[in-house]
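What follows is a set of structures to go through.
Each of the next two complexes has chain A plus one other chain: chain B in the first, chain C in the second.
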Partner chain A sequence: MTAISVRNLWKEYGDQIVLEDINLEFAARSFVALVGPSGCGKTTFLRMLLSEEKATRGEILIDGKPIAPEPGADRGVVFQRYSVFPHLTVLGNVLLAAEFSQSPFTARLFGTARRAAEEEARALIAEVGLAGAEDKYPAALSGGMQQRLALAQAIMRKPRILLLDEPFGALDPGIRADIHQLMRRLWNSCEMTVVMVTHDLREAFTLATRVIAFERRRNRPEERERFGATIAKDIEVWPPRIAGQLDLFTPDRDDPVLAEGQGRDDPARRSA
Partner chain B sequence: MRLINRRPDRTTALLLALLPFALVILAYVLGSAARLAENPADKLLPSLATLADAIGRVALNPDARTGDYLLLNDTLATLDRLVSALALSTAIALVTGMLIGMLPAVRALLAPFVAMVSMVPPLALLPILFIVMGLGEASKVALITIGVTPFLIRDLAMRVEELPREQTIKAETLGGSSWQIALRVVLPQIAPRLIDAVRLSLGPAFLFLIAAEAIAAEAGLGYRIFLVRRYLAMDVILPYVAWITLLSVLMDYALVRLRRALFPWYGGRSA
Partner chain C sequence: MARDGMVERDRGLTLAAHGLLILGCTVMVLPVYLAFVASTHPGADFLSGRIGFLPGDRMLENYAGLIGAGAGLQGFPPLGGALWNSLLMALGIAIGKISISILSAFAICYFRFPFRQTAFWLIFITLMLPVEVRILPTYKVVAGLSLLNTQGGLILPLIASATATFLFRQVFMTIPDEMTEAARMDGAGPLAFFWHILVPLSRTNIAALFVILFIYGWNQYLWPLMVTTDAAHSTILTSIQRLASTATQEAPVWHLVMATAILALLPPVAVILLMQRLFVQGLTETEK
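Up next is the complex of A and B:
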């Protein structure tokens, strides 16, 4: 199981201090939401978890080992935009993870291997509610469906950590509620720790087991540059949610065995 | 209704598109008639009948001296040079452009060099090419390649860098190696843009080719134009120019169709 430790983490761009002295321990299989005002460094923090940015000082440990210097298959990601490949169909997007891992030279699968991977991919596509859209290109999908696809694509690789950078920020509220349900189901069923950056406090408390607020404690113009954001609030969501276990308090959203309903952006419903 | 909101329907649009062509032809016919009325031996603006006659002579009847069909012969010679040069340029540009766009080390190594080379005026190199490679086909193909490749490389490298960084990161988190990402993420997205870049370079390619043929060749559309210039043979030059233009248009159109057939996802995107 994968836990993340962050120790004395600082991030500076030249003179500008973005994050200062961040210390965090994320338990394995937790669902952590990072919230805070714009420009407080929560996305920068996520990018460091992704190895896209390097810490100026301090370290990030995953299972006690220093984080890899480049993005890798252990950490999946869904961005707000550009998460899926426009030149691949829905099926192609999800298959890509299998093709990368099983076919180092051509990055394509043929015959039995392809059929096996395709079966897995189709199951996953159905799981995220995109059954019937396998042969569509992302441009033909709505924003909500694209994010569902991005989730399926990331989960195909079975990452131990899933990083979400405001993944549902651009979706309208109805579609967001549907995809929250999907997100909870995936978190319950897949063996992964989730770290999500969001603007939306309601979303944070709906989904997460723990909500962490970043804030600059000194924000006057003359101080802003030399003081970065720190952790202002660290809230364990109560009643506690545990991955894979039935949630008695808000069963409508959290039940891992809850039958999936039709979402507003389900392809079947759109065509009706 | 405001002018910016007035849209012609299909028929009107077609008629509007044909109008400039019709006007040019009309102006030519009138001008030609006026000049010929004054001097029946005028060679500058031959009548349509004379043009048709010349077209028949070069296109449909074998040449008295060699027994070849001149237009066909010239077209094949020109297209052979053009297509081999463009194929060579495209291949070089695809590899180099992707390397520059994807690998920071190669970018540091080659980007400034390519930027510099692309500023060398290719026609100024023509004498050097003739001296070094002789007057044969090699020097003509080399001229087009030198003229077109740096542009293609730079355009392609820019297109690679334009791909959202999120895509590369996403591919890395799916476990893709540099090679796999190049093959499955970058190449397919670059290919339609490469086709567009080749379309844009058709014009310069023809320019370089005709310049080279004008100086030293034994056949070719550019060679013929400059050959008959000595006899003020406008009746041959004008159809040849029209034919070169038509060839370019057809090649451009064929490339568009190819792109649409191969990359149906391209162009329909909102972003």
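Up next is the complex of A and C:
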């Protein structure tokens, strides 16, 4: 269960203010979508959550503790491109995460440890819909399949926070709808909080529990440098979605299945 | 009709291009071929000019004699040793240069330390200092370390390479930041990242560099000439020179000089043939 608190966050590059006065509380297991015009600091904010950038002022707390200064196993990331390694097969890409974490020096596993990791990786590959492609190289995969692979690779290490930087931006609408279902399923089944940057409002409202818009307070060219972006809109999606629980208002086939109750579509099993 | 005209013009152009290419090849290859022909005749034929364009019948004798027994002259050990020395030197230089420069490029590209840019430019400046320029001080250093007449003395002064460092830096800069960050998220430490991501990604560049540096090492002439005075440590190229100077002064063994030259030619050719595909990929491929 991982909550993220952002307090009085400012980010400046030299004279230029990118983000100002950001205060946010993300509940554990929420799915937050960040939207806003290009260049308004969404990705910068995400990179601060990754520890790739440091805040100029303010602090980021994860479960009440200051964020680790280096990226680590607790956070996974998927970018729009280049998240997978071209020299490794699908299986190799997913295994790599396990190998790096379990044997930091050789990055090779042997014997039972390797078999266990491989089994886990194969299960994950099947879950993201890449079964049968284990021995292919990323160059032989379509864009959608590469992003599925990137998701599998990020989730292999069981991150508590998954960060997505326009992960589905380069995909066509059909593929995107498919991968949205996958994303929904992963969010429901894995214990993680998701923060996603996107340009697609429809995508934001389809997936997220909360949509946050960043915008500069003043955006005239002569003022742009001195005014950073801040939170312009903060919308809780209604009806509320809760990870791992069935949405009673608009049940979705990728939501988890209740054992009992209204959403259960086979009443016969209740008595059995 | 216009199409016919184009085909005709193309044909003329093709003929001219092929003619030029054939001429160029002839100019390049003919001397080598003549050297090969000369190396298959008995020594006396070379002097009397009775060689012609066809290989003679003494090929096996000449080559086997050179490699196994030596030229039969005072102070000329069999060439097998010289070939071995050359191979060790070329491999040492190529592998050493690649290892050192890929590591220094890794440091320059991926670590922030004081004077990082200075370090890069210092390395870059050494491009202006090839062996020939620094040969006297380098000789003094090698002599001081008592490395004269050793493999170490042949290899060490040539083992650092600014060109290769620069090349690897350019290769690393084409690797997207996203990939680096994804690797860090996956828990890759610096060494694991280097070994499992960077090295495989620059595989073709390493191969191309290996070809170039192997030939560079194999063709070293001036430095081995200075450092190895003992015939047992001479390389194949200095052997040619020693044999040639004997041929002008003492015995006219020109057919053996030619045979040595052909022998010296073969390993670089073999390396290029074996690694041709990787070599071309490494020099042309930009997509990572």
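Please note the rule applied: the second predicted complex is superposed on the first by the 253 of 272 C-alpha atoms of A that agree within 3 Å, B and C clash if a C-alpha of one lies under 4 Å from a C-alpha of the other, contacts with A are read in each partner's own complex, and residues count from 1 in each chain.
The criterion applied here is as follows: contacts are C-beta pairs under 8 Å (C-beta built on N, C-alpha and C of every residue); 3 or more make two chains touch, one makes a residue touch a chain.
From a predicted model like this one, the values you see are computed outputs, not experimental measurements.
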Overlaying the two complexes on chain A, which is it for chain B and chain C: clash or fit? clash
Looking at A:T206, would you say it contacts chain B, chain C, both, or neither? Reply first, second, both or neither. neither
Given the touch rule stated above, what does A:R81 touch, chain B (first), chain C (second), both, or neither? both
Once the shared chain is lined up, is A:Y137 touching chain B (first), chain C (second), both, or neither of them? first
First (chain B), second (chain C), both or neither: which does A:T43 touch? neither
Which superposed partner A:P71 touches (first chain B, second chain C, both, neither): both
Could you pull out which residues of chain A sit against chain B in one structure and against chain C in the other? 50, 52, 70-73, 75-77, 79, 81-88, 96-97, 100-101, 104-105, 107, 153-154, 157, 159
So, in the complex, the side of chain A touching chain B is made of residues 50, 52, 70-73, 75-77, 79, 81-88, 96-97, 99-101, 104-108, 137-140, 153-154, 156-157, 159
Can you list the chain A residues touching chain C in their complex? 50, 52, 70-73, 75-77, 79, 81-88, 96-97, 100-101, 104-105, 107, 150, 153-154, 157, 159
Provide the residue numbers of chain C that touch chain A in the complex, in ascending order. 176, 178-179, 181-189, 191-192, 195-197, 200-201, 203, 288
Touching chain A in the complex, chain B uses residues 164, 166-167, 169-177, 179-180, 183-185, 188-189, 263-266, 268-271
